[in-house]
Amino acid sequence: MLEGTWYLEKHTENLLFLHKIKRHIYHGKTAYQKVDLVEIEAFGKALFLDGKIQSAQVDEFIYHEALVHPAMLTHPDPKSVIVLGGGEGATLREVLRYPVERAVMVDIDEQLVKLCEAYLPEWHEGAFYDERSELVFTDARGYLERSEETYDVVISDLTEPLEGGPSVMLFTREFYKTVYERLGEDGVLVVQSASADPFYNDFVRDVFVTLKEVFPVVKVYHAPMFSFQMDWAFTLASKGRDPESVAREEIQERISTFEGNLRFYTPDLHSALFKLPKFLLEVLPKGRVITDENPPVWLS
Amino acid sequence: MLEGTWYLEKHTENLLFLHKIKRHIYHGKTAYQKVDLVEIEAFGKALFLDGKIQSAQVDEFIYHEALVHPAMLTHPDPKSVIVLGGGEGATLREVLRYPVERAVMVDIDEQLVKLCEAYLPEWHEGAFYDERSELVFTDARGYLERSEETYDVVISDLTEPLEGGPSVMLFTREFYKTVYERLGEDGVLVVQSASADPFYNDFVRDVFVTLKEVFPVVKVYHAPMFSFQMDWAFTLASKGRDPESVAREEIQERISTFEGNLRFYTPDLHSALFKLPKFLLEVLPKGRVITDENPPVWLS
Amino acid sequence: MLEGTWYLEKHTENLLFLHKIKRHIYHGKTAYQKVDLVEIEAFGKALFLDGKIQSAQVDEFIYHEALVHPAMLTHPDPKSVIVLGGGEGATLREVLRYPVERAVMVDIDEQLVKLCEAYLPEWHEGAFYDERSELVFTDARGYLERSEETYDVVISDLTEPLEGGPSVMLFTREFYKTVYERLGEDGVLVVQSASADPFYNDFVRDVFVTLKEVFPVVKVYHAPMFSFQMDWAFTLASKGRDPESVAREEIQERISTFEGNLRFYTPDLHSALFKLPKFLLEVLPKGRVITDENPPVWLS
Amino acid sequence: MLEGTWYLEKHTENLLFLHKIKRHIYHGKTAYQKVDLVEIEAFGKALFLDGKIQSAQVDEFIYHEALVHPAMLTHPDPKSVIVLGGGEGATLREVLRYPVERAVMVDIDEQLVKLCEAYLPEWHEGAFYDERSELVFTDARGYLERSEETYDVVISDLTEPLEGGPSVMLFTREFYKTVYERLGEDGVLVVQSASADPFYNDFVRDVFVTLKEVFPVVKVYHAPMFSFQMDWAFTLASKGRDPESVAREEIQERISTFEGNLRFYTPDLHSALFKLPKFLLEVLPKGRVITDENPPVWLS
């Protein structure tokens, strides 16, 4: 039946999506963003922030496995991990599959995290209650700047920097220098980097070029995100470790204890994700360096 | 400006797309299907058949390069190629980059091919006028059954078999047996196989299982199709050649003459495309065999 | 902000409305119909049954005043009134403005009435609790057929007879004969009769012609319904009283006690409502008689 | 079939319409406005200016008959008429039904008038070629200010004054004073006045109050406009003639020669149109006077 309630998502000015709604879960605003939690017929439970889909039940596993595992496995033995953003708790969930000692999650929007905790248990699967988890509700940049602790892996799971949005200053060269300082010797950073498509790829190329100013190893990889209606980019940066040099056997062994829980990532896929389409390879070097004085602004 | 003309595409019953239209090119019907040729703001010129997007200017190269090159390069030296369907002429365009002697294209819808010839020159780039090309406007199954010629590569570039649509009998075991007989010793078949997603993958798994009944080597691969709003599956079948065994150096050499024209495919990408997400690996064997008595029917 | 939840109403196959939703009140199903209670930005609280708007806060008063007052004032002194349908309670509300002794409301959908009672107090304004009100949850046709009571005014406030819907047998000549028998000497019947437009007026003309088979006086009138996006028709039938013969002064006097509560109806408007556009006058006689054997079916 | 091209009309920020398109006629821009001429399934040929529907084949007759006849019949014997705006030519068509000697139409947008002449013959029915017609392509205000001629009837058939639009200065007290001076002794002015609804009626009340500053007789009337999805207001002003005092018999006689061509207007309807809903009567006096210094601005 066509009639009824639909969620209108403005993918761009020129492409609108209408998602048939099965169930309304929550509509409201936090101090930082408009939150819509709905169950949609096509993708199950879904979280929309300021009108943009952030995560959907049917394929959140692709995003979160693709975000976490390449970075965790590029580090030889991560014990201390920090997640920047990551409100739904699924990034934390994937991190905790490893024998880490400490997993910090810093999200500025406490109310959003509480909503996700209550309404999206399929995402966090109890990760918030793991004794290794530490939740901090503050600005991630200030937190890292004020801290002197170091981490093995830093995972940037932030929304794209829309004008006036909370994440604008978390994609700059200056911020990445702070991250570099907070990383241990074998440290690895991964940044969710928006679309990998042939026409709206400004963001990933700017992130790539900016990270190249700070880190010796920077590689972009990608994974298909059906609920985002596109191929998605991630950028991995390290002080020296090359993600493509990790042996297949090492990966196989390290994920063996939790391989049954994975639904997207495989040892064979690890290297394949880093093989990019030619059009993306060609544009990546053409990005501009993002600085505090010249932060990125994505128009919604 | 929100107001104006939009193309409404019913992706599924539960997900509608509205594409802002920049220019109307052609709206009409052929003997087989409803044809809408429009220039949309998001994707450039686009072809919709029976309301479903078939190809868009901004990323048709991904689809056509992904469809053609893995198969052509799996064969050691293709001289004779047949394209089933392929109305826009871009599949032919990619085939003709190789030193083939003969490239036959069999499409049932002559009127559609003429429309594409006139309005979509960016797709065919003159491929229809190459002296090696031969266009036949008839039913592809009947054509192959009546013929005794053999081909090195067969490329199935057909629309999914919607009920009553023209391609229903071109995905069955019986038809693939005919294809097998028409293929030479090193013969390779590739079949565009619709979505590679975690929820609507019935089609690719049925094609996979059906081809396994006929061919010794069958492998599924995938490529991101932005204008289709999803990751797309292709199935390659052969009498013995393994696409993943082709040496990177051989690929490099064979594409060297036209590498400058490629925008998606690279030698590094060749093998990566065959590495599938775990969820897809797990469901592929669960397909059902498609037969003439039990043909596939996709509901629109 | 364009993004968010919208109510999609299929006005016809060829005209869709998207209503921006301000607040979700209730979504569910009764034994008879799909119910959506939402607050929409354009019209305030609104009730949708099976996807069609039934009533909106911003102009329900037009519909209910136009439905009730012409009939009540055509009768010289109504004491006993029965409302068929009328789930929201606003028809009852308008009836109770008069010094009636008894106001029966017969609605088949008890669950719907309970939802309206709880969520739409602006409609019923307590009418359900008036000691003169009597609510009966049963099929209105059976109720009238089994009863031997008579009424001064009968108000048919039923949804249009969609296929399989609950009101299909409440618009037939046989049913109107039963109504005739249940009406007192000066009895008046009024039937909400759907659109008064130049193109989709089949329903009002069929109701008109059918009532002409049973009642000596039958007149169609109209009122603008903004939330229905059209001019709306009503048909008044009587055993002899002519609505256009009621003196302006009599109307003025009889409504004087509650005139302050009216927002649409005025003594001057009374006769004006019965003046129809020429296109409607011309088509009314062309309707067909609706019978039990040949009931009306409106396609949604 | 849901798929295909639709015209998206932003009725307000909170209510969108999607009109199924049957045929594309013309899409382009004049010096003054964006023009879309399409045939829509629901309403036949339709003209959209800057994304708002202006006129549709199925009920343009209601608008144009309601605009012209009350004013023409309020004047005892109009010989000289001027139409301000009126691009489609249908206002002129209705004017020419009377034995006028001269019918001037002043529209600033020549290109639009030419498009209507070519593509909308059902509207003008040759009115442009009547020897009594005189077309002037200029600003209507300047034209009246520079002229010293007088007219019996002035018909303001202008789009609502959107910011920056061509009609902003044609609704002010100063302009209406000029109109007053250009009108003969029995002169009548009629102004199309946008929606007559209970919530967005600012425009009609401002026009009403502004005309009251200049003319001794000012009356609002209304007619249902289905393709506009609402009841529509018109304001009639005169130097003394009262539209409601014209005898039914006089109307009957004066329209007798062309009554067969009318589809909306009837002698009985004449007075009924002037009977307004109570909510509108109550708000009309609350408008503000529109002046050159403080022109109206409608946001689109």
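Points to keep in mind about this one:
By letter and in written order, the chains are A, B, C and D; residue numbering begins at 1 in each of them.
The rule is simple: a residue touches a chain if its C-beta (ideal position, glycine included) is under 8 Å from a C-beta of that chain, and two chains touch if they have at least 3 such contacts.
Remember, it's a predicted structure, so these values are computed and weren't measured experimentally.
Between chain B and chain D, the least number of touching-chain steps is 1.
Comparing the residue numbers each copy contributes, chain C and chain D share more than half of them at their mutual interface. Averaged C-alpha coordinates put the centre of chain A at 56 Å from the centre of chain D. Spacing of chain A relative to chain B, judged by their CA centroids, is 33 angstrom. Residues of chain A found to touch two or more other chains are 2, 6, 16, 18.
Chain contacts here close into one cycle, and each chain has exactly two touching partners.
In summary, the structure contains touching chain pairs A-B, A-C, B-D, C-D. By the touch criterion stated above, chain D contacts chain C in their complex at residues 6, 12-20, 40-42, 58-59, 62, 196-199, 222, 224, 226, 229-231, 262-266, 268-269, 271-273, 275-279, 281. On the side of chain C, the complex with chain A involves touching residues 1-10, 16, 18, 21, 23-24, 27, 34, 36, 38, 48, 50-52.
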